[in-house]
Each structure stands twice: as structure tokens, then as C-alpha cells.
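Note that subunit A is present in both complexes that follow, paired respectively with subunit B and with subunit C.
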Partner chain A sequence: MTVTGERLRTGRGLGTSAARPDGVPKVSGTFGFSSDLHADGMVWGHVLRSPHPSARILGVDIGPALAMAGVHAVLTADDVPGTNGFGLEHADQPVFARDVVRFTGEAVAAVAADHPDTARRAAQAIVVHYEPVEPVVDPEAAIVAAPIHPDGNVFRHLVIRHGDIAAEGDVVVEGTYEVGMQDQAFMGPESGLAVPDDVGGVDLYMSTQWLHVDRDQVADCLGLAPEQVRLTLAGVGGAFGAREDVSMQVHICLLALHTGRPVKMVFSREESFLGHVHRHPARMHYRHHATRDGRLVKVEARMLLDGGAYASTSGPVLVNACCFAAGPYHVPNALIEGWAVRTNNPPCGAMRGFGAVQACFGHESQMDRLAAELGLDPVELRLRNAMRTGDCIPTGQVVSGAAPVAELIRTCAAAPLPALDPAPSPMSMPGGSGRAADAGRVRRGVGFAVGFKNLMYSAGFDDFSTARVRLDEGVATVTCAAAEVGQGFVTLAQQIVRDVLGVDEVVVAPAETMTIGSAGSTSASRQTWMSGGAVQGAALAVRARLEAGQTGPIEETYEHHHPPTFPLDDNGQGNAHVSYVFAAHRAVVDVDLDLGLVRVVEIATSQDVGRVLNPVQVVGQIEGGIAQGVGLAVMEEIVLDRGLVRNASFTDYLIPTALDMPTVTVAALIEEPEPGAPFGAKGVGEPPTISSSAAVAAAIRAATGLALPRIPVRPQDIALA
Partner chain B sequence: MTFRLTVNGRPRDVEGAWLGESLLYVLRERLGLPGSKNACEQGECGSCSVRLDDRLVCACLVLAAEAQGRSVATVEGLSAGDRTLTDVQQAFLDQGAVQCGFCTPGLVMSVHDLLDRNPAPDELELREAISGNLCRCTGYGRILAAARTVVERRAAATPERELP
Partner chain C sequence: MPAAAAPVALPESVDEVLQALADEPEAMILAGGTDLMVEVNAGRRRPVSVVSLTRVRELAGWSRDGDEVVLGACLTYADMERGPLAALVPALGQAARTIGSPQIRAAATIGGNLGTASPAGDTLPVLAALDAVVETAGPQGSRRLLVGDFVTGVKQTALLPGEIVTAVRVPLRRGRQEFLKVGTRNAMVISVVMVAVVVDLDGRTVRAGLGSVAPRPVRARSAEAFAAEHADWRRGAVASPDVVARFGQLCAEATSPIDDHRSTADYRRRAVAVCASRALARVLPPEGVHGDGGPSDE
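Up next is the complex of A and B:
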């Protein structure tokens, strides 16, 4: 496998592949992940979850659990001193269900005991009398079904009317597409440690994506002031959106306050699948209008997202799905309508790509359909319509920054195709070590896709970041609450300070809520821009005082805000976004026509990055993001059966292994500096996931000739078609 | 129950354990060795890979009591106490194979195990050998690059043997 375009510059400042400060402890096994925490006298927590997607709770008897030796506390909704509700947008999810449960896995009670197995058995000993209710599991039916929550069944309904919505093209293609429910499947399970203080407060050590918003939600549920909940980031084993929402935070703090002891909790993999939000499943109906020579005239789209039982970030995910529904193209007219709805399926929220992934599968499937209808090459059709700086998206907002879409398409399409192996090893054929494939029935296909999304939060949200830089005796210390989840912000913070202050030794202090303000969430590809900007601002302020002749320790704190954005109006128009990022992917697949097995051979990609700040970290984000895109295309789906999760394990929910993962060829990293971005750099984490799934699906269609309107493409979709 | 394990060459007494505790649990929670990770606890992810008498196993699938009388080697034993990294650990750093790092100890153990058995694996052998270790951050690209780096460095450091 090769990564062309990679530059292994030496040095430690911006633009170099500077080493991670947490690298040595991570390869040595000494890095402290949240599941590695220990405190003297600690006990173990466990949560009892609903086995039903929808049921009334007639009674809860905690007596049998309390009677067990080693059990220190058993808590239910009656024990929540503050608001029995949390949520990123709306506090509509109970800490513990009281009268009803609305999804399989909803928390009903929690136990603290002296051994994790005792805690698990005690939770099983709690007797809950349920009266099952017919679950609402179809998102279309949910729109008109009786409300399953006092807040109703529609989280958000949005209409975007752009240009002449009555316009018609010479050629019209139509399609309905579906995306299954994907899981973030980070490796490090949810885990944390809560330590009570002597005056009613609590110290929480937690793996999370956004410390300050966790703190505020926990304090609200506990009935405490925010400063009584002191959150320190514990080592995070991956996130990808699933740690944006509160999982166990409130439960372990409650248990700690009730027992007066430190409480640790670690989710099993099954609990992890049940206990965090997933990527929204989508149903999308599209109608594209174009001229005979392949210019888009109008895009019509209806986007339906299943948000599951509670709101989480369904509203903003829908805004994204609708804003980016037409793709990175010049689209003069558009009518886009979307719904994000409540069902009794598992709650859905943030996952890498945040609404743009689903939309990309829709618009790119349509572009291929349109190319076929027009007899045009799919790459040529995309080039004819490629968005440029100065074009607007269907919300009427002008894309004023870098939009090198045509260059991405050209460079990616120009990458040499991998050679066909005339005598392939069985291991390198579809089915791999199963050695199932008959080489004569394997077909190769090539597919192409382009996608885009917003950087930072949108629609009026001021997701600022705060950083402090202290310079003392030639050593700089950076304090910032940006959650390091593996992406390498800690490396970048060092690189920035080295460049600005010219010092070599830069210490990155632990992220916490006690001495520094919010850094916003590690999501939306925003920390390089937002917290990178905050660190740069603080370092520049320190440098200014140095240059003014100040001696002794110097400390400066800086709050970085992006330009204001605005909510969409009644026609879905408005300047809702700060900036956009683009990528193109070309997939090559081998498909076994008889067994429906797919081997993804290669993904070539070009990505719009603004400026490469750390080449190895950029490549790591690209390869890792593509792996998640490939997974969604061919294997990853939470299988639901009337609201029950059927595959909550790594035995049954498959993610790509080293044998599944294709060669990744980085055809081009386009460095067109983004106006207004610190260093001109764009976030790089999400684009690799957005269009890679659509490219793989297109390649499978090319190999099989099948319509394949749904991802993941399952073996039966091919073999039984 | 009480028993004695040999971990990283040292005898370690385990006291007050429940019979059902896995080797992973005992290493992490009773012996203060949390380097082996708990990501699935059913042998699917390889994050808890340790060597048991020179065989790579998932510590979550081995009962701790069953490991009596056998030699257990964990990631903590690789650096031999003097904080020098092995060539595999160093190559992971050099090639950017570490992101969140949760899978890293298991993968370091796997790559060591492979290269001890097969000093010159081809691409498929390499991918197959680490296919029992799930990584969600990297897409494996930098991990494979790290393993190839170790192979190259070891080959360069080994004088060519004379043919018999």
C-alpha cells in the first residue's frame, strides 16, 4: 500500500510530522484511559436497561438487589435530585425512566457494588414490572402516530426553497435511497470515575468530547451548581460523535454522592452499543432535473431521518442533511424538505459526517443515474457541475472560501488504476480467508463520488474555544479543554506554540473545567480551527508582551470565536454556516457475483485541506475516515427487529479489519488557504467518511449492473438480486 | 481463591479472586497492569492480546486461574523497566500508527508475535496476522507501515548469514 503525496518533513513546528506527546505512553501501555482509572475504596457501578423498545413501567422493586452482599446503592428515578432529563439540544431523555421506556437499552436503575460482577448481578435482580406497548419503529408512520413523548414525534421539519422551484429540466431522474444505522464503534468503551467531595460536590474523570457541556448537564440533573461538578478528561479511546451525548456521567456521579465512595463504571461492548447514539438511518427520495448537455437545473429531495427515542442532535443533523442534499455542485434551483422524527428505535445523533454522509449517498447515486441517462461519463458530469467559490448552496449562502471541487475531481480521477492481478491469491479475492470465490465469477468495478460539509457549528451557535498559554523559564504550558480523542490536537497545540513563541518545550496540561472556559466540542472537524485559533491567539498575546520587554512568567488567555452564523428562515434560506470542506473518492472493488461478497481493492482520494499542518496526522485521518466509509458501504449496520438491537457485539456488528481495508492512495491534498481560518487550515476528519461510502456503492453497481439503492450493500443484495 | 501467576518474568500472588475472573480482569484490576485493554471481552478485538507461554492469546478469554504455572507476558513487560522502547513500539511512533491508542498495546503485541515467527511476512501475511486486532481510528495504514519498517530495520541490522 502506498500513500503518495505524503511528506515526512522533519522538525517540530507547523507543517511537520511532529511526534505526539502521548505517543510513548500509548505504545507502552501506561497511558491512562478512562477504563484504567482507580481510586482507593472505589466501588463499581452498573446500569439496568430496558429490554423493551416501548413499555409502561408498572413498578420497580429494588429490594432483591439491595439485599445482596456487596451492594452499596440501588438508585431509580426517585433518587434524581435535579432535573430527571438531559440532552444536547433538549433535555428530553430521562436519567432513569419513570413511567415509560422508549427504547431498548434505556436506563431504568443503577447499582453500586464492590465487584463489577456483583453490580451486574444485582442489576439483574431488580424486578421491573413492564407492560409492553406496540413500538413505533417506522419513521414515516411516526410522523402521524400518537406521540410517544410529550414533546411529540417530529424533532425537526425543514423546507429549503431556492430559486425557481417550478423549474424543469430536459432530463429528469428519480430515485429512492436508504442508509442503514451505523455505529461509531470506538475501541475504548464508555467509562469513568466519579469521586465525591466532602461538601456535596463531585470530581468526574470521564472520556468525552465536550467537557463543559457534560458538566452543565450533570450539574442540572444533580441539582448542583456547575462549579460543584469538576470534570477532568480521562484518556479517550476514540469518539467519532458517540461521546457527544451524556452516557453514564449522571449515573456514576449520583452513585458516588449516594455511597460517599468513588464509583467506577465501564460499559461492556453490548452496553456500549445500547448506551450511545448512532448514525441516523435515512430514507431519501430524489428528483434531479438537468439540461441535455448535463447542467443541473433543479434538485428536489425529501430526507427522512430516524432519530430514535430522544432528540440528541437530530435537529442539527437534519439541517446538515438538507443543506448538503444537492452535493457540491452549482444548483440554481432546489426544493428540499426534511424530517427528523422520534421512534422507539435507539436514539441517533452525531457520527463523523453528521448528516452529510447520508445526503452524499443520495446525491451521488443520483449523479450516476443522471450520467447514465445522459450517456455521459460520471466524472465528466460532475466536472460540468462542480461548485466553485462564489456559487451558493441551496440555502442561498454564497461559498466565499476555498471550493476546489473541480481540482479534487480531476486529480482523484487521474490517479492510476490498480492493476488486475492475473493470478490472485485466494486471500486477496472476495471472501478472503474463506477461500470461497471462483475467480471466473469475480467482476471489477470502479465508482466515483464527491462530497462536502460544514466546518464548525452552524445556524447561530457560537461554539467558541478558550486557551491559556503560560511561558515560564523557557517552558510553555498550554491549557485548553479541547478533548483529545485520538485526532492529535495535543500535537497541534505544541506545534502552534513552538512556531509562535520559538520555544522547544511545550507542555499540554490536562483538559478540565476548573481553571479554563469551554473549548467547544471535538466534533464538526472544528478543533484545528477553533481551539487551534485559541492557542494561537493566547501564544501571540504572550509574544506581544515578550516583545514589549516583559520578563518573568507571562500568561495569557484567549477566546476564539468564528464569524457569526444565522438560523435558516421559513424558506430554509440564510447564512447558516462558517466554512465548507470538500473531498473526492474513487473506489475500485472486486465482487463475487455468486456469493455477493465484495473486496474493496483501492480507494483513491483528493481532499481540500487548506493547509497541511501535520502530514502524518492528516494521512491518519484520511485513512481512518475511509475505513469507516468502507465499513458503512459493505458491512456496518445495527440490525433492528421491531426496536430490538440484534447485533450488539463485535461478533455480529462487523467493522473493517486489516484484511478488509483497501489500499488508500492520496492522489492530492489541495492546499488552497481558507480565508479567516487560523493558518489557512481546514479540519480534515470528516471528509474522508462522507463520499467514500458512496464511491464504494457506485463501484459495486458498476461491477454488478444492479441498482443497489441502499447501504450497506449486503451479500444478499447482490447474490439474490 | 488465591493463586500465583508469573507475569513478565515475576511471580505475582493473586488473592481473594473469584474463580470466574478472566486473566484480563486480574491483570488490570488486581495486579495493576492496565496496559492490556478491555474493548469487547469476547475475543473479537485483540485489544487484550498477551503472550501465554509464547502464544498470543486474548486475555479476556483465558481464566486467570488457568494461567497458573505458565508464563504471561504483557505490553508492560516489553520495555524491560528501563523505558527503552522495542523496535515495534518505536516504529509505531515513527510512522504515526497511534491515534487514540486503545488498540495499540494489543497491536504491538501482535506485531511482535508475527515477526518472531516470520521475520519477512508478505503483505497478506502481515494483514492476516493483525486482522484479529480491531482499530477504529487509523484504517490500519500507518500500522502496516510501522510493521514494514520493523522488518526493514531488522533486515538492515542483521548481517547476511553464510549459506550452509
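Up next is the complex of A and C:
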């Protein structure tokens, strides 16, 4: 996919493909990532993690580690001065486990030493006496199992009752679907540097997604006032949700305060897999009721999410899975029940798509099943039920903004199909370089899917953003704590200020917590709307003073809030969301029927974007999101064996390579301005992942004729069916 | 993260290598580093010292010796995947092209693949099928072992203390060769199953090496015998569809695969049968059909 013609508008303001300020440094290797941090006199931290998914801790002997040359500190739960717990929603995860460990990889102790390998060996020298306990690894069983945490095993139970829940359709289709545990698999492992000050506080340099909430959690665990923890964003090598939760932040700050030295930590790839949350595995049971002419009458769904050992964002992920369980369709009646439960599996939390990905695989699988039952074309069935502005989702909330679902479906379905290669080379067949495919046993399939989700946080959360713009001698400086994780906010901030103030030179200052308020998290496709809105507000305020004749430096700070939202009531009803975003995907796959190998040939997509603010960045998000969607469909899964992670490496956790990436055809970017959104623009980061996996699964079904109720679809699911 | 500094010896001849190993019996051998450094970076190995082979000229490159090619232990996959060597031993070139990324193939060596002796070692089924001979050097002199005898178990070899692999002698066979590998990704993937099938027109034999389906590379002897018996050698080496199917089954029966995080035993058996049949159909194409596999030997 390349951006051509009118889309490649040159210039540097909004609507142009203005170049990223961090683009050349990143591709030329001079960009400073958090793993490159250095401070004179620094020592290295390492965390000792539980090898058991569930065990009692009978004793911890740190003596052998302390006795090693080069070791500066060994800390356990006894050394946490504040709350020994953190978490985005509930502080239920200990900084260090004290009496019990609840998942493989849980932190038990931390070491600081003069060399990373010394730190690693010292951590291994700590003697922990574990008494293993039979782990609870089945989420269904966890609902009724003995509590594995004082807060119980149910993070959230939610029922949505919408319309007439007793309604029946002429036609009923039913299905059970499963989604495996996907990992965000960013390239830059967790890393950070904590530098103690002389008065009990600490400066923390960290790759993260939400600076102020990190700061607050760290301060609470350290027993410090928030302003004693000063956080500066360090270069982030990808995030996708996995940096929303605290990973090493508290540990390195504790070590720094104990040793009085700067402490650096970099996770190995294995630690990274063990040390951050994953996408929730899901089991979903659906029953769709429809009329004979293909109008949805009612959707029943039961969504079960495995949240793993600690809460993280399991509650909001479940809310999303349930709110979007019926898909972007006009659904007059619905009964949706959701459970997010605690198990001894690795904790799950935020990942691109946040609950909507799992739901989309469920509802789109059902729409295909319904189309088959009715003898209707799957695209036609979706068109007949496409949501429009003024429809409501099952929570009773009216979709008041842009909802160009039918247009997305039509434009995506109308894209020309890729030609069949009459003489395919091995590299263009399933299995690629392995040369295993046989052209005579390869079948092509086409699948279609539509998905949607919310923009911004929901259910009463005021996730505002703050920005400051200073204009001094023709140079504008933007200060905002929005985490640049690769999405391009730094580019957008420059584009906005150039447009509003008519200046050319715009400097984006480092994101930090010392001089500016929260920007909220870089997640929920929200930074363009929220921090883009804050930058616009501050820049407009500066312009107003300019227009009033003020001279000299001008500085304005602006806090941008979205309209208030509300929690769901006991029937799952309420205006919980700010805005929605939609996308459609059509996948073309080639499948070797005997080996079950899949090559994704092409993904065509149409996306609801409100307004294109930077064409290259929009297409970049689409291509990247599709890569993750393809990965979930055919290869990406954390493989668990009784709570143990079997593939915590890039050797065995497979993500698509360039040779697995399909051609991406952007059939249409629908620019229907979103009321209330700054510039009319919607976030674009998540929709590409939401329905692309479902489209690929549908295409594999079309090629094989198999039901394939689970993603990722494994070769054995096809070859041994 | 780097491990604590370990001294690295940089010998320039095999004799110097052996001396360095005699001086430091615990030393680890480094060639391409694509296995060793993964282990070091993961903290699973902490070398107290390292003997690097990168400056030993006699271990680099390859040469032809009569009806054999002699592959130096430090021959890289990049050297194998194209050019004259790939034309002489097509299955080796095909195997080399499945390994890692271009960067990995530029560094990783055939001696390393043998020394690591992983069940998933990509060149091992090819070397086993060809009855390649591993040459070693050590304090007691040099030895020659068939690949099948060199690899003794999962990541186990017949190397004695102080011994290194110096070369692999690969017999040249007149006839088609095929290497097929199944993994869940189009490139850069550890194999789930590998099948190498080689025809020897002069010896009128068919040879099958299987990988990732047992602790060591497997030769499917009964499948080989069946194929040799049922091939029509006079009409240019052809096999009927029935023979192709039966050959696949016999190859699958020669395996002892396991369930692991990469796949299942049942799938591996199925994939071996499918790949072996396809490989045989490519090397012994039904009459009138030109196989899409290795170079024609006519």
C-alpha cells in the first residue's frame, strides 16, 4: 500500500502528510529508546519472578544474594514503604508477593547490582520456599472456585437487557467461539531509569502510555506525595496497551531510593512476555434471532473473559466486549451477559481493540452463519442490518455521531479482488519459503467482517487532557504529557499549531509530569481527539491574545474534556460512551487444505475516520493494525500449559513477518466529520485490528468449508478437521 | 544485555583452536553466534571463556572433492542458499533458504547446526538423507562419523571433550532433491516438520530424511525401500499416485513426534505424510510431468 495522488498532499499543516519529527532518528538508529538510558554511577535492577502459577511462599532467604560481590540491594515485600499493591482499576497486584504467588512471572523480589548479569545471578541466588498449589486455570471453573485472592474471582459480571428479551426470530443460529491469548509483542522491551534525589524523591524515566497515572501508582507504593515522583517519558518502542499497567516502575524507584544510586532495568524478551498484560482470551456463546428476510430480531450472548491473576483493566474490557457484542447493526432486542474472572493465568488487560476484537470475532462469525442459514450473501445480510446514525447500541445509548456502516461495507466489498496467480512461486503460496504447498491443493477464500468500538474512556471516567502552547519570537513550543508511542501525536501537535498560529517552527517538548497536568492514556484511540483538542484549545487561546494585540512571549494552557459519560445501570443501560468508530475488512486467503497452512493474500478495508489529518499516518495505523489482526487470526497466541507460558520468546511467539503481511488495499477512508470532535477527526488506531481477524477467519472458512470456531486458526485445526 | 565479560580466543588455525580448547576446557565455541548468543542473552549460558572460529580460514568455504563436496564448518547458510553449491546439492540450498532472516543466514553456519543438534536443525534431514559424513578434529586426532551417528539425541552429539566439527562431506547424487518444511509462518520459523527426499539415479535409491519428528533426524528406511522398489527407473524415474501416497504413509510411520507448544504429534504425522508424498511426486514425477522441484538432471 502506498499513499498516492491527492492523498500525498505536501505541506506541514493538517491534512498533509507532514513528516514525523522522530522519523529520521528512528529509521537511522539515533533515536534514544528507554533501553538506551544512562546515568553516571547507575546500577542495574533485576526482578525475581515466580516459577509457579500458584503457590504459597513459606520463606524467602535473600542472604545468598546479598552476600554476592557487586550486589547493592535485595528488596522484598517487607521493603515496600507504601501500599504493597498497584493496578489501574483496583490496587490488587502486589509490588512483591508476600505470602502467595498467583501467576507465573509474579514479582517476588528485586536486586540492584553493578552489572546486569550480576543482578540476574543474584536474583537466582535468592532462596524462595514455595509450596505449589493446584492452579485455577479454567475461567468457567474460576467463577465458582474458592477465591484465589481476597477480592474474589469475579472482576466484573454484567448483564445488558435491551428491548424485549423474550423476542424470538423466525430463524435462530447459535455458536460457541473462542479467542486465544494474544500479546502486544512490541519491539522495545520494558525499560526505565530511576534517579533518586537528595530529599527522598525520585526522577523516573520510563517508556509508558500514561505518565500521571504511573506517577500516582508509584507514589502510593513508595509512600510519597505524587510530586515527589517526577516522571519523564523515555523513548517508547511500541505499546499497544501493554504499557498501560505498571511493570518495573515501582521496583526501580524502590531500588533507587534504597541504594541512593540511579537504577536502570531492561526486561529480557522472556521477562517482557511474563511482565506485562495480554489480550483477554475469550469464550463466547451466541444465539442470533432474525426474520426470514434477514433482519436481526435479537442477539443473545454470553461473554467469558479470562482476566488472569490480577484485575488490571478486566472490568472495562468486559464492558466493551458486552457493549459491542452485537456488532455495528440495528439490533432491537438483546440479552448479553458477561463475566471477567480471575484465574492463575497471566494477567490480561489492555490491547488494541480492548474487548471489541473478541466480540467482533463472535458477532461476525454469527452473521456469516446466519447468512448461510438464510441463503443470503454475507455482505448483503450486513447491509440489511447496518447501523445508522440514530440507532442505538444494546445499552440503549443512541449513536448520535457519524455511523457510515453501510458505506463502509459497500466500498470495501466493491474493491476489485486480487487476481489468482496461474503459476504461483513457492514464496507466494501458503508456507512460503518452506516450499511445502501444492498448488493443486490450495484453495482461495474470501471473508468479510465489520466492527466497531468506542473512542475515549467510558462509563463516567473523565479522561481529560492538558496542553500548553508558548509562542516566543515566532517559535511555538507545545508541552503535553501525551505519550508518543509511535502513533504520531508529536507530528499531529506540530500540524495543529502550524495551522492555528500560522508559524512554521513548532517544538514538542518532552512529555513529563512536572510542569503539566495529565493527558490521559495513549489508548482507546483517544489522543487525537483529547490531546489534539487540548493543543488546539491552547493554540487558539494564544491566537486570541495575539489578535488582541499582545506582544512578547505568550503562553496558554488548556484542559480538554469530552462530554460526560455515565456508568451502566443494573440492566446494562446507560450513556456510557462518547463516540464510536467503524471499519470493514475483506480478506482474501489461500489455504493448503492438506497442511492447513494459510497465506493471507490481501486485506481490503474501508474505515470511518471523520477527517484525515495526516494521510501517511492514517495508512500506517491501518497497515500496522491489520498486521496485528492477521497475526491473531493465524499465528499469534500465548500458549499456556497449566498456567505456565510455553512460548515467551520471539522464537515461538510468532508475529507476521514482511512475508506474511498481505497487500493492504484501502478501499475508502470515509470522511464524515464527527460532531464534537476536534477537527471532526476520529481516532484511527484500533479499528484496523477489530474486524481484520474476523475477516481472515471467515475467508479461511470459505476456503475450507470448516466451522473453525477459534482463533488463531492453527494448521491442525484445518488439516486434522 | 551483555553477559559479564568473558575472554575470547581468536585462533587462526584448527591446531590453534584445539590448543585453545585444551587450555580452556570449559570454553564455548563461537562461530555465527546465532544459537550461542540467544542462550547467553537469555541467561541460560554464561561462558567463562569463548573460542571464536571466525578467523580460521580452513573452516570457511567449501570445495569439491571428486564425487563429494566438502563443506567447511563455518560455511554460512548465505553461502549454501544460492550459487554453484545450491546447484550441486539442491536440497541443502532449499533448506538454507528456510532459515531465519537474511541477517541470520549471513552469520549462521552448518557446523553450528550440527553442533547444536536441535531436533529442528534445518540442514540435518538433508545431511542425513545424503549420508553426509561429519569430520571432527580433537586431541586424539580426526574422526569421520555419519550424521546419523554424530547426532546422538536432543541437542546431544558424539563430540568428545576438546573436539570440534571441521567439515561435512556431502556425497553428490545424480537425481532430483526436495526439501519441504512446515512452520506456522512464511519465513523465520522453527520447523514443525521437515522432509528431505533425494533420488540417486545411479544407485537407483530414494532417500528420505525427516526432521522435528523425533529426538534425532530420522531416515525412513522402509519408505525408501518401497519407493526404490516401485519406481520405474527405466522410464526416467517415475512413480504412480498410489506409490506416492504409500510412501508418505511409510514416512509418517517412521516418526515418533511429540505434542509441544509448536504443534501436535498427530499434526506432525499428517504433515510428514503430506510433505513426503509431495516431495516424492516432485522427485519422481509421474510420467510426462515435469516436477517443480530441483534442477533437472537430464
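Methods note: the second predicted complex is superposed on the first by the 715 of 721 C-alpha atoms of A that agree within 3 Å, B and C clash if a C-alpha of one lies under 4 Å from a C-alpha of the other, contacts with A are read in each partner's own complex, and residues count from 1 in each chain.
Just so it is clear, a contact is a pair of C-beta atoms (placed from the backbone, for glycine too) under 8 Å apart; a residue touches a chain by one contact, two chains touch by 3 or more.
On a predicted model such as this, the values are computed, not experimentally measured, just so you know.
Participant: Name the contact category of A:Gly237: first (subunit B only), second (subunit C only), both, or neither.
Facilitator: first
Participant: Between subunit B and subunit C, whom does A:Val266 touch in the aligned arrangement: first, second, both, or neither?
Facilitator: So A:Val266 meets both subunit B and subunit C here.
Participant: Does the superposition put A:Ala356 against subunit B (first), subunit C (second), both, or neither?
Facilitator: Neither: A:Ala356 stays clear of subunit B and subunit C.
Participant: A:Arg646 in the overlay: touching subunit B, subunit C, both, or neither? Say first, second, both or neither.
Facilitator: After superposing on A, A:Arg646 lies in contact with subunit C but is clear of subunit B.
Participant: Please indicate which partner A:Ser433 is in contact with in the superposed arrangement: first for subunit B, second for subunit C, both, or neither.
Facilitator: both
Participant: Between subunit B and subunit C, whom does A:Gln716 touch in the aligned arrangement: first, second, both, or neither?
Facilitator: A:Gln716: touches subunit C, not subunit B.
Participant: Look at A:Ile496 in the shared chain and tell me whether it touches subunit B only, subunit C only, both, or neither; answer first, second, both or neither.
Facilitator: neither
Participant: Return first, second, both or neither, reflecting whether A:Arg599 touches subunit B, subunit C, both chains, or no partner chain.
Facilitator: In the superposition, A:Arg599 touches subunit C alone.
Participant: Under the stated touch criterion, which partner chain does A:Phe31 make contact with: subunit B (first), subunit C (second), both, or neither?
Facilitator: Only subunit B is touched by A:Phe31; subunit C is not.
Participant: Going by the touch definition up top, name the partner, subunit B or subunit C, that contacts more of subunit A.
Facilitator: When the residues of subunit A touched by each partner are counted, B comes out ahead.
Participant: For subunit A, give the residues common to its interface with subunit B and its interface with subunit C.
Facilitator: 115, 117, 266, 268-269, 427, 433, 649, 651, 656-657, 659
Participant: So in the complex, the part of subunit C that touches subunit A is made up of which residues?
Facilitator: 1-4, 38, 41-43, 46, 94, 97-98, 101, 178-192, 260-264, 266-267, 270-271, 274-275, 278
Participant: Touching residues of subunit A toward subunit C in the complex: what are they?
Facilitator: Per the touch definition, subunit A meets subunit C at residues 44, 115-118, 120-121, 266, 268-270, 427, 430-436, 438, 594-597, 599, 634-635, 639, 641, 646-647, 649, 651-652, 654, 656-657, 659-660, 714-716, 719-720.
Participant: For the complex, which residues does subunit B have touching subunit A?
Facilitator: Touching subunit A from subunit B are residues 18, 20, 28, 33-42, 44-45, 47, 74-76, 78-79, 83, 85, 89, 92-93, 95-96, 98-105, 108, 123-124, 126-128, 130-145.
Participant: Which residues of subunit A touch subunit B in the complex?
Facilitator: By the definition above, subunit A touches subunit B via 1, 3, 17, 19-20, 22-24, 26-33, 35-36, 115, 117, 184-189, 235-240, 266, 268-269, 425, 427-428, 433, 485-488, 616-617, 619-620, 623-628, 649-651, 655-659, 661, 664.
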